[in-house]
């Protein structure tokens, strides 16, 4: 009897405490969702909802002036058969190939120079980041002047008249060069952080073993920089695929013979100049899918290669 | 050659290369400033590389008083950045705290949804957002510039969550024992402790919204709500070839951030590198 | 801690409070604000900043007579004007009154975006230039108040350079064969100098180092190619609006123009002029170009900016004579404006002799209100400039200006190819054909 009462009172008190726990959990959930409410609203309305709207727009024909008309898969057929979008993708891919390796390489090179302990390195490091702080659009306008064939600073400096932005062969490389100039300092900072975080005992060990600077770099520093390198590459590729502002400033309307007609620009002109919203929506969707694929592939590929146990 | 001499030579070579890099980085800024300080007559008659003689502020006065009103874009941009900064930080702190320290059903899934939205490129949402805002009659308004961004940034939430996870539980428990509710805990404990990351996020937010171009380009029209980047682009379009005036505009567009950068450079540098390491 | 908190809170509230107010002195924000206190603000969008100055005075006079209406100008650069206009019309953010030329006119009129000025202000019609009224009458209705009419295209010339080279600007003829009857080419050559001082007709002339240009041949619809095609006896558009410039006469005209640029180097390279419509004008004003073919829309700019003696000569004569495009611009009213009455009042003012007089008497542009035109000619006479070349003394033959509901789309379609043709990267024959096909495809 006594045992029964003891057991049931224990059971009662544990029910009581589990009730209290349940109430606490519910309150916590309520608090959590209250805290999340604004950002949830923001994300749903301004990120998730637009994606659904883009899908809807891609299935309709609209020029902003006339009423919206259903078009089924016509827009998809047109964009995929047109060749213009494919060309833009190709141009963007070339742009990425021009920019990313050079920007990463130069950034790494600058970082190795900056970590030699030379005087004024910290000042230089800050200086190199200046272009990254400024608006790409504004820098584009500045470079448009510098590269101007008649009144520009560059042609005045080299004494020749080169049509940097008007010559179809030079336009894309010029634009890529401006982008590299803008980003190198930013990349350098990452590599400097990466280099300075390499445990010195590893470098010491290498030196003792008789490795010269070159071998130390290739065999120790570079492999240990892989996480940084991969981060820089992944983010660089993603953001380069979306470049718009500087190209808009340097070579409006897609440049000479359309050689700088990158994807983001093409979508913008298609939507807000030609006012073919349906087709622009299709392009935007395709770009989105492409970027997701690239991101997932990069993450998968790189995550398998970036773990080093430095605990020894 | 001895090893130390070799090293000296290598150091010298490295230094020269770094200096070349510095010159290449800074030259465009200097050149554009030089041009902005030249009179149009001097620019037309001499090489673009000649220093301004005499130095004149006429381009700037024309920018701010003459035909073009550049004061408004500066103020509009500052207002937009201020509002977005306050909103983004506040709402991101709230959300990050929920993700970091509260337990609730759907927490992991929801967080992954937040992160997933980071993969959506701006140019994809531009078109539907334009359609949505126009349909709501909000095109060319202050709120159109601000609303899409003001409710928190998944990026900020991600960074803050990492940081908040590291806050010692004792601090929070102590506050709770004192009778603080969640908001008070946030204000009195979490935020003061998170000053470094908040400073970093402030810099990132200010820089990215000051320089925003595509959204203002699409959603505003006319002089009233144009931001600084948009005003610069419009000025370049209007006075194409009048490089002295255009360079004055780019100088005005760049200087505020340059100053901010020079004052807070340590924070900026840290903000860049901190985002690289998760 | 407390005081800092208070400071932060106060600043935040201040920022948020001040946030929704625009700092620009645009005299009112949204529609509600604009009608408060009995004052209405009507907004007017134009692209010409010389006329903007005249309009400001005109609107000041208007507000004096109508104290409850203020008028605010919105200056949009010409390069972006027709990209932004349809977007703003469709999103309901366009100004109450806006200039338009024929580029988007047809589409706008058909979509009901414009006020039917012909019915609303019918009694004023007689005061307006008939050619302008006709150009902007569509489906029997007039859709705007004629604001400006550009006179004929003529040639501004630098008196000094022209005398030194022994060139008579009034007697210039061009011929596709560049034979004996062609006096434009030799004149332009004599007026072009390279950095070594050699003129375009001397041996050893280096076309890549030109410091002084003879002429402004380039990718300019109103000032150059539309007129050259006409002067060769060709047409740019057929009566149904389709493009026909790729025929023989068109090819000859374009070949002549591009040769001036790329073969003889007497005009600036397309790399400079394709994206910068003011490049040649700036070179002329700097004294680095001898002959500058343009219209009344640049007259004030030249007068204000040229620091040398200059005058105006008629357009060069072609095989079919001196054929010029004569274009007008109208001020259209936004059909969806919430301030219809005030807008109509301002439109009426713009179409009245008094309202348009400021434009004419400042010499900014030739108004399309007949009685206000004399003020323009008088102004320039007083300045000592003979403007007769912009009028009948410069010739009487004209070529139909751009027209058609989708002209803008067609122009956008042929624009990239034209740029390549002028840059010399695409041969004229095939290039024009492609451009014509693209343009006709776009206007279907």
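For reference, chains read A, B and C in written order, and residue numbers begin at 1 within each chain.
By our rule, a contact is a pair of C-beta atoms (placed from the backbone, for glycine too) under 8 Å apart; a residue touches a chain by one contact, two chains touch by 3 or more.
Everything numeric in this text was worked out from a predicted model, so none of it was measured.
Participant: Taking each chain's centre as the mean of its C-alpha atoms, which one lies nearest the mean of all protein C-alpha atoms here?
Facilitator: Minimum centroid-to-centroid distance belongs to B.
Participant: Name the chain whose C-alpha centroid is most distant from the C-alpha centroid of subunit A.
Facilitator: Checked the centroid distances; the maximum from subunit A is C.
Participant: Return the distance between the CA-based centres of subunit B and subunit C, expressed in whole Å.
Facilitator: Distance between chain centres: 38 Å.
Participant: Where the CA atoms of subunit A average out and where those of subunit C average out, how many Å apart are those spots?
Facilitator: 41
Participant: From the mean C-alpha coordinate of subunit A to that of subunit B, what's the distance rounded to whole Å?
Facilitator: One centre to the other, that is 15 Å.
Participant: Which residues does subunit C have that touch at least 2 chains other than itself?
Facilitator: Counting only residues that touch two or more other chains, subunit C contributes 87, 90-91, 275, 279.
Participant: In subunit B, what residues contact two or more other chains?
Facilitator: Where subunit B meets two or more other chains at a single residue, that happens at 130, 241.
Participant: What positions in subunit A touch 2 or more of the other chains?
Facilitator: 272 - these are the residues of subunit A that touch more than one other chain.
Participant: Using the touch definition up top, name the residues of subunit C that touch subunit A in the complex.
Facilitator: Touch list, subunit C to subunit A: 83, 86-87, 89-91, 107, 111, 113, 208-209, 268-272, 274-275, 279, 409, 412, 415-416, 419-420, 423, 425.
Participant: Could you please specify the touching residues of subunit C with respect to subunit B in the complex?
Facilitator: For subunit C paired with subunit B, touching residues are 12, 15-16, 18-20, 22-26, 29-30, 45, 49, 52, 74-77, 79-80, 84, 87-88, 90-95, 275-279, 282, 286.
Participant: Spell out the residues on subunit A that touch subunit B in their complex, using ranges where they run on.
Facilitator: Subunit A residues touching subunit B: 25, 28-29, 31-33, 35-36, 38-43, 45-51, 53-54, 57, 110, 113-114, 116, 118, 121, 124-139, 141-146, 148, 151-153, 156-157, 181, 185-186, 189-190, 192-193, 213, 228, 231-232, 241-242, 244-245, 248-249, 263-264, 267-268, 271-272, 277, 280-281, 284-285, 287-288, 291-292, 295.
Participant: So in the complex, which bits of subunit B are touching subunit C?
Facilitator: That would be residues 44-45, 67, 69, 71-72, 75-76, 79, 82-83, 86, 130, 134, 137, 139-143, 146, 221-225, 234, 237-238, 240-242 of subunit B.
Participant: If you look only at subunit B, which of its residues touch subunit A in the complex?
Facilitator: For this pair, the touching residues of subunit B are 10-11, 14-15, 17-18, 21-22, 24-26, 28-29, 31-32, 35, 43, 47-49, 91-92, 94-95, 97-98, 102-105, 107, 110, 113-114, 117, 119-132, 147-152, 154, 157, 182, 207, 210-211, 213-214, 218, 228-229, 232-233, 236, 241, 243, 246-247, 249-250, 253-254, 257-258, 261, 265, 268-269, 272-273, 276-277.
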